[in-house]
Structure formats: C-alpha cells, structure tokens
Amino acid sequence: MNEVVLLMTCPDRKGIVARTTMLLYGMNANVLNLEQHVEGTGQFFMRIHADASGITISEMEFRAHTAALASELSGRLSLHYPETVQRVAILVTREDACLWELLLKHRSGELRGEVRMIVSNHQGLRPIAESFGIPFHYLPVTPETRDAQEEQVRALLRAESIELVVLARYMQILSPAFVAEYAGRIINIHHGFLPAFKGSRPYHRAWERGVKIIGATAHYVTENLDEGPIIEQDVISVSHQHSVAEMIHRGRDIERRVLATAVQAHLEHRIILHNNRTIIFHP
Amino acid sequence: MNEVVLLMTCPDRKGIVARTTMLLYGMNANVLNLEQHVEGTGQFFMRIHADASGITISEMEFRAHTAALASELSGRLSLHYPETVQRVAILVTREDACLWELLLKHRSGELRGEVRMIVSNHQGLRPIAESFGIPFHYLPVTPETRDAQEEQVRALLRAESIELVVLARYMQILSPAFVAEYAGRIINIHHGFLPAFKGSRPYHRAWERGVKIIGATAHYVTENLDEGPIIEQDVISVSHQHSVAEMIHRGRDIERRVLATAVQAHLEHRIILHNNRTIIFHP
Amino acid sequence: MNEVVLLMTCPDRKGIVARTTMLLYGMNANVLNLEQHVEGTGQFFMRIHADASGITISEMEFRAHTAALASELSGRLSLHYPETVQRVAILVTREDACLWELLLKHRSGELRGEVRMIVSNHQGLRPIAESFGIPFHYLPVTPETRDAQEEQVRALLRAESIELVVLARYMQILSPAFVAEYAGRIINIHHGFLPAFKGSRPYHRAWERGVKIIGATAHYVTENLDEGPIIEQDVISVSHQHSVAEMIHRGRDIERRVLATAVQAHLEHRIILHNNRTIIFHP
Amino acid sequence: MNEVVLLMTCPDRKGIVARTTMLLYGMNANVLNLEQHVEGTGQFFMRIHADASGITISEMEFRAHTAALASELSGRLSLHYPETVQRVAILVTREDACLWELLLKHRSGELRGEVRMIVSNHQGLRPIAESFGIPFHYLPVTPETRDAQEEQVRALLRAESIELVVLARYMQILSPAFVAEYAGRIINIHHGFLPAFKGSRPYHRAWERGVKIIGATAHYVTENLDEGPIIEQDVISVSHQHSVAEMIHRGRDIERRVLATAVQAHLEHRIILHNNRTIIFHP
C-alpha cells in the first residue's frame, strides 16, 4: 500500500497530534495532508493522509499500533487504504439522473469505488446498467412482499461484500435491521432542503409555500426517516414562474451533484460521524 | 409625474395586454418595461413601468380609466408613482446589522423610500438613528404592557402616515389587528431558511441538525407566525467547524442582504401578492 | 401550430407593445408571456410567447403582417414555432462531459431540438453516439487537410439542414466562411471565465494566477476567437489545494451546465443578439 | 499569551508535523486546529493554532526554538499571537461602502485589529471616521505633489507603527518603495473579477463585453498593478437589463464583502504568501 488515511476522534488532551504523527514518522510514513480541530465541546477530530510507501512493518503491526493508540485515547480511529477500491451498490427506482451522474463520474475517474451492482424495484433503468456493463438486479416489491424483497436485496449485498449502499432515488423505506447492518454506510439523496420538506413530494410543497430557493440533501440513513446525519446540501434559485414540473427539472441538477459529492467524500474517507452530525474534511 | 407603474392580476383572457397598453398609448405614455405571464392555473400577472411625462389627462382621470379596466377584468390593479417617496418605519430591538444595511443603502440612493422613524423596545440603537438624523422612539415593553405598547407603536405609525413597516429584527410578535391594518405592508426578516427552523433560535437548531447551509428569509407578516408570503431568501455554506456563534456572525450578512433586497422590491412596486405567494418582477 | 414566439428589437417609440399585442389579439392569439424593456440607449427589446391555437389566418399571412410591422418600425422581428423541433449538430473532439450532458438532457425532455448528428475529428466518442442511436461522423483533420475537412463538415450540416451547431469542446477553429454561414447559430463552450483566460489552457493559467474562482462561458462564435457574444457563464470556488487536474475535474461540471443552459435558451427562442451582446429573456 | 498561531512553509521531508507538534507539546501547548498539506511541487504548508496558556518558557525562548526549527528545515516560519491586536490603517478616496463595512464589522467584533487611522486624498469621508472616533487624515494630492503626499502618508503609517494597510477604494497608485516597505501587508480591493478587466472602469468594460457575471478581487499589492497575489474573489449575476450604474451598485455589495473577508483572513493569520499565490487556511 502506498497511501493510508487515518480518521480519528477522541476527547481532547495535550499531545495527540504529536503522538500520532510521531507514530507515523517512526514507521517511515510521510504526512501529505492533515486536518485537525477541537470542537468547543472538547472533542478532538483529525484526518491524516500519508504516503505509506516507505513503511516497512506489516499491515497487521500497523493496525495494532493505531488500535493501541485509539484505546489509550478512549477514541475511535479507523485506518483506510485509498488505493483499495470499495465495493458499491446503487439502489434505484425510476429516476435516472442520479444514476447517470454516479456512473459517468465513476467512468471518468472522478469517483472512486467499484459499482458492483445496480438493484431496482423496477425494470426501467436496466438498459443504463447494461450500457455500463454493470449487473442489474430487478427485485419488484408490493406491500405484501416488502420484507421478502428486502431480504433478497440484503442477500445480494452480502454476496458481493458491498461496503457502501447508495440510494439514488430508491423509493422504498429500509427496515431498521437493514439500516443497522450498514450503519454509516448507506447514503440517501433527499430531493428537498432538509429539514424543510421532510417526507414526500417536497417540490409540490415548496411550490405551495412559495419558497425562492429549492435544494437537495445527501445524508446517511438512520432509523428515523430524513433525520440522518447530513453530508452535503446545495440549492438553486426558483421564481414564481417555475411550475412544479420545472422545479423538478431544476432540482434534478442539484440532486445529482449533491449525491455525487457526498458519495465522493465517503469513498475518499473524508467523513467522521459524531452524534448525528458529520465532520467533512476538505477535498 | 414622469413615471408610473401598474401592477395587475386577473383571470386570463385574450387581449388583456393589448387593452392595457392601448390605454396607456392613448394617454400618450411610453412603456419602458413590461413583464407579464399567465400561470398554469389561468391567472394573469403583469407589471408595466411607463414614461408618463407626456400624459395630458389628470391623475384622477388616469385612475378612473385603470379602475374601470380592473373592474371589467374582475382583477386587481394598482397604480404607483415611483418618484413618490414612500414613508417607511423601521422597528428594531437590539441587533443592528439589518438597521445599518437599510440606512446605508438608503443614504447611497440604492433604496427608495423615506425612513421617517425608528421604533424600538430598547435604547441601544438610538445612537445609530441619531447619526442619520432620524427620529428614534423608545417604547419599552413587558408582558403586562404589551397591548398598550403596541397601541403606542401604531399611533406613531398613523401619525406619520407610514406606508411600509420593516421589522429589522424586532423581537415582538404583532397582534392580528396590527397585521390586518398593514396587510401586505409589513416585511419581516427571519434568520432561518423557512420553512425550516420556524420559530426561535434557528441557528442553534441548525447547528444541532448539522445542516451544511444556513439561510435567511424575508416575508410579509401575516397572522400565522413565520408563515407569511416569502419575498426573498438567500443562503451561505457552513461547515462542522462553525460554532453557533460563528453561524450567527455569518448569518448576519445574509439577513441584512435578504431584507434590503425585499424592501427594495416592495418600494420599487415589483411585488404582487397572490394566495400567500409573491410574484416578484425582475429589477 | 399551437404556440408562437416573437423576438423583436427596434428603436423605441411610443405604442410598440400596443401595436404588436393588438396585432396578435386581432388574429385571435393569446399572450402567455411577454417581457419587454427599453435600454438606456433607446433600443427596444421584446419577446412574446403566445397561444396561437385560435389563429385562423395562414402562416404566410401571419408572417406578412409581422414583417410589415418590423419594416414600419425599422426593426428586426423573428417568428418562431416552439413546437417545431430544431435540427442540431454537435461537434466534439475528445472530452465527453458536455456531450453526455446535452444528450441526457435531450433524452429527459429538458432540452428541445433534435440531435441529428455528432461530428468529431476523433473516434473516441463514437460509442456514446451509438448508444443514443445518433449518427456519428468521424472526420479526422491535420494541419494540411484543415480546409478540406471543414468543407466536409459543412456539407454534412447542409445535407441535414442543420439549424444549430454546438461546439461541445470541439478543438478546431472554424473559418470565417463557416462562421458567416451560421452566424448567430454556432454556440461554443469556453472552459474559462471570459474575458479572463482567453485562448488555450485556461485552467493552467488560472492555477498560475492563483484565482479563487474558476468559470466557464458559452458564447456565439464570431470571427474573433473567444470574443463572441456571451450567452451564459457560471463559476465555482477553488482553493490553493486544487491542482490543475482537480480544477479541470471541477470545471467540467460548470462547462456542461453552462453549455446546456445556453443551448436551451437558444432552442427556446429566448435570445436576441444585438451589437455583440445578448439579451436573454427569462425562462 | 493564551493562544499562538504558527504559519510555516518549507520543502517537504518526513517528520515535519511530528517535529513541530512535539516541540509544542514539549512546551506544554495544546494544538486546537492544524491544517497542513504538501503541494504537488513538494512544498510543505502548515498552520497551527494552539492554546498556549500552559507554556512556561518565555516568548524569547519560544521564538528561538521555532526559529531554529525553521532554519533547520530551510523554511519560513512565523509566530503570531492572535490576542495581540494589529494596527490597521485604511486608505480611501470617495467611495464609502468598503469603509463602512470594515468599520461596522470591526465594531461588531467580527474583524480583529485596531483601526488607528483613516487616510484620504478627499475630505468626503471624514464624518464617517469621526462618527467612529477614528483619526482622519486629509492629504490631498495632485500630479505634482504625488511623491510628497505619499511621503506624508508613509510618515503617518510609521508614526503609528501600522502593520496592515487596507486600500478600501483608494484611487492612487503606490510607489514601488511604499509597496516594498509593506510587502505582504497592503491589501487592495479591485472592483473587477481579475484577471479580467484589469485597470480602470471595469464595470463599463464588463457592460460592453456583455458578461453575465461580475465580481471583485482582494489581493496583496505588488509592484505590478492588479497582478498581486489574490486573496479572495466573489461574483454576482447580472443581466442585459442592468445598466453600468446598476452594475456599480450591485458590485459594491461584492466589493465590501470580498475586502472584509480578505482583511479578516490576514488579521487571523490564515494566509501564507508563496510565489505570487496565497495559501488560505480555513476559518
């Protein structure tokens, strides 16, 4: 491995940065990028991106050292190898704009990760999957078959050891068990500027309320619908002349951009989850 | 009068633009700027800004003609003279950023209107009023004196024939009677991106929710708190590193800009109110 | 034809709006959207979008009436039928982001027009064309064959009666004759914020200059390179941490958005060209 | 001193972060915020903000330690005490918007520094200075008295040990000697989006070119006019309907915001100058 990323959070005390960077220096790693801050609450957050090409110890030893550090600091520390491609599944229903964005950015090399499968409760987007040579799984669902269908989805994810699940306008609510299994690893795009317009038909409600700006929100999925930690948001101006249909058109550009940015931050190991909030380190 | 502005809304039918502009042409007026559209619902909206320097009939005749047209079209038509300076009152409490913005833009000529008075339930902003030579009325309020204090405020407004009331961070809720007296003529700034974070302490709640964008909303005041027709909104990015205090600082820049833009649109007669929504014609 | 759009510019005088809308009313058309203004220089500009379903006279008569009006006003007036699909050619070289954007927005119905062909001096983007079922013409070019290759391109455009040519990162300079043949009908995307960084390698030069914002510009092509009338511009923030390669990545999102917006404005007949400037009516 | 900021740049090598943070730890300081990166060119940049309340050694010893480190690394390291208020002079001519912004943000506590004087070649802005209780120096200038007047300005700055000079729309060009004396400590606001529209009358030229976005640029002043390192830029949309005068109005809001943001970054020691580019650490 030539590169390594450390994400770390713990209660603050003196010397944490020195301890951690000395540890890396002792292993012959070179820090390329470090961002650290202490929140007003006294919580310490840090991301280190290091050149690890000179490291001579084994990965197991490396992990042991960092785990010992985390334990000593009563914190959480995770170790990532940015060159290791993560396995991604995209779940969709009928809307294609977010799917196209993810696949095109993936192909152009802007989005890391390997899209191992596209899963849908509708057949409509199969041709897109096929044109990119990605397996497409059609798993239709009715109110009666919901649990069984979800079980099939999860079996597919497990079979491919999926590490990140992206809900790219997937119009089904996941069960608590599903959410728990992939805690901090399911990203959803909401087509509204949360916490305004939670729930369905946000553009219709935005029109009725007469807002002058609409937006979209990418967030990690938790048990509470539309309440998960926000990763990325963006907005666009609208005027009284825009009908709901035009808002939906304009909103699509925001949705796809916001979702792709959030997925990219996750795949580049730039996010720490802490108390239903996200710490997003700069790209 | 050298210039005139017409604002007009009615159910759509053929020939309205032709009828109205022929009327103006017949009076020897010259249309400088016209913006018109028909909403999907079949409602017609139009603003006309015309050079009226060549008009030979009296204002009374002019008003009679346009009133007859509005009546025939079962619509609402209002006539405005942009050169006539409107009488404005600004109500404040302790925050000074919005007040400064309005007064400075007023002085530089960017904001029409004449600020006839500043009313406050605190003494703190009196020096600002005095440095601009504007009468400052200090009307303290307690839960017990609320009704009486509001009556004093309204008496002041009436005494000066105030046409527009701007709540520039005035931390008091107006009674339904006050709101009704100045229907469509009270503009408030809410320091949140409505309809998210209605009510108090929006920045604290934005921090807790971990939003990545904060905003501000200027709206007409109606009986339902924070539910009035939105005039203008704007936003700014925030990150996990911003504390609530920093959000408040950053938010101030948005609040003052949004409020000044909304007041300007009102004073330039670029707003039609229709069913709790605003039609804002371009500047 | 159910709908009609008029674009009109002439020296201002009294009564033009009335004359024009009376003409439409007399033909039994209904104005849906009208935007008009007089510039400080005394030039009049107007766009009318009307429901023409009730018109009883022939298109030829309609054209005769409007031509007579334009002549009388010493102005330019053009008549468009928004339901008539315009024939578009897209010219590309190697970059695919703008091409994808145009084709996807076209497929989703957000972009009017019919893409009749994609022409390129490289083979690389052929698969994209084929996946959308659009004819792809590969016309390689060397410094020696430049004139002949351009002649082939123009022959293709003529054969298909192309009405709009979109240069979606086409890395060849067009001859004055080509530009003249399609005056006001060739749109180019420049990957810089014009007039800064005219010419080649704008991102490299932006990096060297240390700008904090990069942009893109869509413009009509004229004889003077990068000097044509600007249709649309947009920008994105960059920081010192962004390498040239990252600027190029980030810039792509702006380029494709700006180009699609400009093409859409053209196809919706919302642009008047006047003295190397564009008047863009609101969508 | 309770807080300290280190700014540092040097050729990259292994262990720099560890060395520096160990040094701080050894002195009993606590790192609150650290941002570091290595540019593709191999140059290392770092900013450390630390709680220094526990430091027991003297400031002189502290400075000796860090100077030794910088020397060993062949780099530049500067030490700052954020609680020490910097002495600022603002130079103006006639435009007041930037001056108001700086003074109001200063008063509200958003902008550190102490404004020791306002210098102008016109009398017009004296009342503003007086209302804030800041000494105002009127030093008129003609082409003949240019050198002498500048000498007077510099004498004033020296007499008050001014550390930062802000050109808030000061319409005079500084001599190379002046610029050299305050290298990296003079910030200018240019009312255009550099490098477009260098020189005078940028709004007029923006109007003529028909750009759809205008901007402003704050930069350090160097010998080459409008070529100094850019600190901050921002933009705003304009349309064909905006006259030059309206562009000037709209531009003012950008100018004042951009200048205040740049001054704030400088006063918070968040800028490293390197090869005519700025490294701006996050607020």
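So that you can tell them apart, the chains are marked A, B, C and D in the order they are listed, and the count of residues begins at 1 in each.
The working rule: a contact is a pair of C-beta atoms (placed from the backbone, for glycine too) under 8 Å apart; a residue touches a chain by one contact, two chains touch by 3 or more.
Bear in mind that the values here come from a model prediction, so they are computed numbers and not experimental data.
Participant: Counting one step per pair of touching chains, how far is chain D from chain A at the shortest?
Facilitator: The least step count works out to 1.
Participant: With chain centres defined as mean CA positions, report which chain is farthest from chain B.
Facilitator: Max centre-to-centre separation from chain B belongs to A.
Participant: More C-beta contacts across B-D or across C-D?
Facilitator: C-D
Participant: Need the CA-centroid distance for the pair chain B / chain D, whole Å please.
Facilitator: 37
Participant: Just curious, how far off is chain D from chain C if you go by their C-alpha centres, in Å?
Facilitator: 41
Participant: Specify, in ascending order, the residues of chain A that touch 2 or more different other chains.
Facilitator: 37, 239, 241, 282 - these are the residues of chain A that touch more than one other chain.
Participant: Within their complex, state which residues of chain A touch chain B.
Facilitator: By the definition above, chain A touches chain B via 37, 40, 45, 193-197, 209-213, 215, 229-235, 239-241, 243, 276-280.
Participant: Which bits of chain C are touching chain B when the two form their complex?
Facilitator: 12-18, 21-22, 24-25, 28-38, 46, 54, 282
Participant: If we count contacts the way the header does, which residues on chain D are in touch with chain B in the complex?
Facilitator: Those in contact with chain B are residues 96-97, 100, 104, 108, 110, 131, 239, 241, 246, 249, 252-253, 257, 282-283.
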